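Two complexes are shown next, each including chain A; its partner changes from chain B in the first to chain C in the second.
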Partner chain A sequence: MALTNDMIRENLTGKFGEVLYDWEEPYGMLTFSAPKDLNLKVLQHLYDDEVMAFRFLTDLQAVHFPDKKGAELAVVYHLHNLRDNVRIRFKVYTDIQTPDVYSATALFNSANWMERETYDFFGVNFIGHPNLIRVLNVEEMDYFPLRKEFPLEDQTRIDKDDEMFGRGTY
Partner chain B sequence: MGEGFMATNFEKVVSLARKNSIWPLPFATSCCGIEFMATMASHYDLARFGSERVGFSPRQCDLLMVMGTIAKKMGPVLKQVYLQMAEPRWVIAVGACASSGGIFDTYSVLQGIDQVIPVDVYVPGCPPRPEAILDGFMKIQELVNAEGLRRRHSDQYKDLLGSYGIQ
Partner chain C sequence: MPFDSTCRPIDITTQSAQRTSDMNEHILLPDGSIEKQTTTLNLGPTHPATHGVFQNILELDGERIMKATSTVGYIHRAFEKIAERRPLYQITPLTDRLNYCSSPINNMGWHIACERLLGVKTPKRVDYLRIIIMELARISDHLICNSIVGVDSGAYSGFLYLMQYRELIYEIYEEVCGSRLTTNIGRIGGFERNFTDTAFQKLEKFLAEYPKVLKEFENLFTRNRIFMERTIGCGAISAERALNYGFTGPNLRAAGVDYDVRVHTPYCSYEEFNFTIPVGSTGDCYDRFLVRNEEMWQSLDIIRQAWQKVQSFKGADAEVFHADTPAYYLPPKQDVYTKMEALIYHFKIIMGEIDMPVGEIYSSVEGANGELGFYLISDGGRTPYRLHFRRPCFIYYQAYPELIQGGMLSDAVITMSSLNLIAGELDA
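== the complex of A and B ==
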């Protein structure tokens, strides 16, 4: 029998109870959130369980929600069950003051570079990552450019007149 | 003096030779590089200007042609390529990105290669047409022709390089 979203939800609720929240199915893709200290337990269960068998980490990234006080950074995992061809999305939220999330590198090797990238752009501190340094940006960069408080444009330059580029103060 | 001879000075002869045998080093990172390929090909034919010999080794080349977006992470690489070229050397920034960062006014892109190396000629355009690249190339030829033998030894030139932290 093919794996359905209802079966996944039932299985996870049976294992973890009501701590998993925000269940939704945008475009048919099951999505839910968990407390951040449970992220590895959930991933491990999804990996080990014979019925679930989510053994491929498609993607891992972060999103910054500046207005969500105490849960500004969301770390998002995309998992794929290759046997039944089912995908799910799973999020944990963390405070931007203490952006510590357990690293999934022990479980998925593909998490290594993706967590480095997430650290590079959002400053999520993945605990247990073997080599958490910048991967795409220059080493000297002293901020995390995809956090919303940093404007897209390079703030150090002086040769472009803001008003001429339509972003001055009027 | 009879037919086939002319009187000139050494400096002019050297300038003439340099001007008509500029070996370009293409540093092409994006679409401007594609326009350069068209410039090299038969229709526009950069060889007409004595530059059919495109070298891919900085040690042999006279003209560094930077074509395309240069990310900040690539800045040191570009500078190293420039340092590996022997004097006299010239630099042409082809296209908006190499000249000023272009549309990529963002945290990861170098806002003009003149932040890391000195530039002789800027070619605007996004990307510039081959005619524009040829025009920029001819401007370089004018510079090469007009440059005296002693310019590279002048204090001004050393100050210029010094401002980029070279030598």
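== the complex of A and C ==
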């Protein structure tokens, strides 16, 4: 019996109740969010449950939403059930002042560098990570470059009107 | 020999008391002195044996590796940040520079991700032409990787021999898109122009000549005693560990897991093709070599099938090389000069003035070294709100210290080349 998005949703709601929110299916991929202190419990349940069996961490990264006050950073997990060939997307929002999220390294070895990369670019502090240092940027760097407050181009330029060329504010 | 400032502190009071009573007491030497049990070796970042910018600090006991620490990021170019300021078509050249041994797969993977976001349906002929190009890219990538494994085990001739045939593949790219290494091939919706007859002639030439050469290459290596003893059992990983480390592509299949994006999440009409997914069992360098070789045979078979399907299009159907998406596909240049609508679209596309639909999509293709994913978030603007590349070798390179621990230094070199690590992709 193939695993469907409805079954996953039912299973997760049965286990965690109504704390999971933002259920969506953009382009067919089940997407949901959880409170950030539950992220490991959800991942562990998805991993251990015999029906769910999401045991492959495809991708882990973050997104910065400066307009969402109190939930500026989203850590996004893409999980894959290789047996039934189902993918899901799971998000955890955290505020930017204390961007502490539990690390998934105990569950997935692959999370190690992906979390380092996420820390490197967004400053998400993964609690319990064995070696949370920058991975791609230089260690002396004192900011997190993929956050939206850092513009790509030199903002002192006056010869170029951003409104005319692509994105305005960022 | 004078102590330097890095020497360990010695507790003078107890030491001096002992010193008077025992003249043979052991003097603590500074770290890094000759008395240290292990040797620290800095392999890379620019070492001829690492084929790219990889740094590993190895702790050696004789020639045996006790511990390895990898450093990456030497050629980081902030592609994800740059992509946030580029309209979709300007991101294609960035994907070229990820895995530059098979850049057409990256280009097409990116176009497929965009098409899924925009809801563009490509004609069948475009799918088949794309498959031809993608499988050629897979062959050129595997060919380099396998022949480099040969070089690292001391057999240079296989490399030189196969390299000539990568040239034939690059000539096909050149005929199709005008460039060879960083191809920027195709557009959203299809190709920039139809394939010429010369391109198909070159393809036929390659299909006729390459199998003989690949067979000969296999004869040189597959049952070669020296090669087998060098690679069997070297850099092995179990299926379970490989999955936990996020391995994908030939490296995962060599460990015995039959996961292939082409089969699991078909894109580009791969579901119409008949091919098998080779798997290994031990996940060592030898199995990775065998899996890649077999994949080249399978790719040749896929190209032949696709070529047959392409030939079945006659008349006007044979002139189809892109989907009808005027908002994203540049109009022909002569129309831009003569027609109002074409001029408007041309201007809007070039200036990046077209707003994308709001959406969030993860789309992946089977790259030559694993699952190449694009996670694209659009807020309805002209450029992606966030674009993340799932780069397969960044994820599986973490396993490298575990793979080489306890092995010999020369095995570390061969393991690195057989993992098919591409520095451009690793560092984004």
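As a convention for this text, the second predicted complex is superposed on the first by the 152 of 170 C-alpha atoms of A that agree within 3 Å, B and C clash if a C-alpha of one lies under 4 Å from a C-alpha of the other, contacts with A are read in each partner's own complex, and residues count from 1 in each chain.
In this text, a contact is a pair of C-beta atoms (placed from the backbone, for glycine too) under 8 Å apart; a residue touches a chain by one contact, two chains touch by 3 or more.
Nothing here was measured: the structure is a model prediction, and the numbers come from that model.
> I'd like to know which partner A:K36 touches here: chain B for first, chain C for second, both or neither.
It touches nothing on chain B or chain C.
> Touch check for A:N137: first (chain B), second (chain C), both, or neither?
After superposing on A, A:N137 lies in contact with both chain B and chain C.
> Of chain B and chain C, which one touches more residues of chain A?
Ranking chain B and chain C by residues of chain A touched puts C first.
> Is A:H129 touching anything from chain B or chain C once the two structures are fitted on A? First, second, both or neither.
After superposition on chain A, A:H129 lies in contact with neither partner.
> So which bits of chain A does chain B touch that chain C touches too?
Overlap of chain B and chain C footprints on chain A: residues 136-138, 145, 150, 152-153, 165.
> Which of the residues in chain A come into contact with chain C in the complex?
Where chain A meets chain C, its residues are 26-27, 29, 31, 55-59, 61, 63-64, 76, 78, 82, 85, 87, 89, 108-110, 112-114, 117, 121, 134-138, 145-146, 150, 152-153, 165-167, 170.
> Which residues of chain C touch chain A in their complex?
Interface residues on the chain C side: 72-73, 76, 78, 80-82, 84-87, 116-117, 241, 243-246, 257, 259, 264-265, 351-352, 359-362, 364, 371, 373, 375, 377, 381-383, 385-386, 388, 390, 394-399, 427-428.
> Which residues of chain A touch chain B once you look at their complex with the stated criterion?
It comes out as residues 136-138, 141, 145, 150, 152-154, 157, 159-160, 165.
> Along chain B, where are the residues that touch chain A in the complex?
Within the complex, chain B contacts chain A at residues 72-73, 100-101, 105-109, 111.
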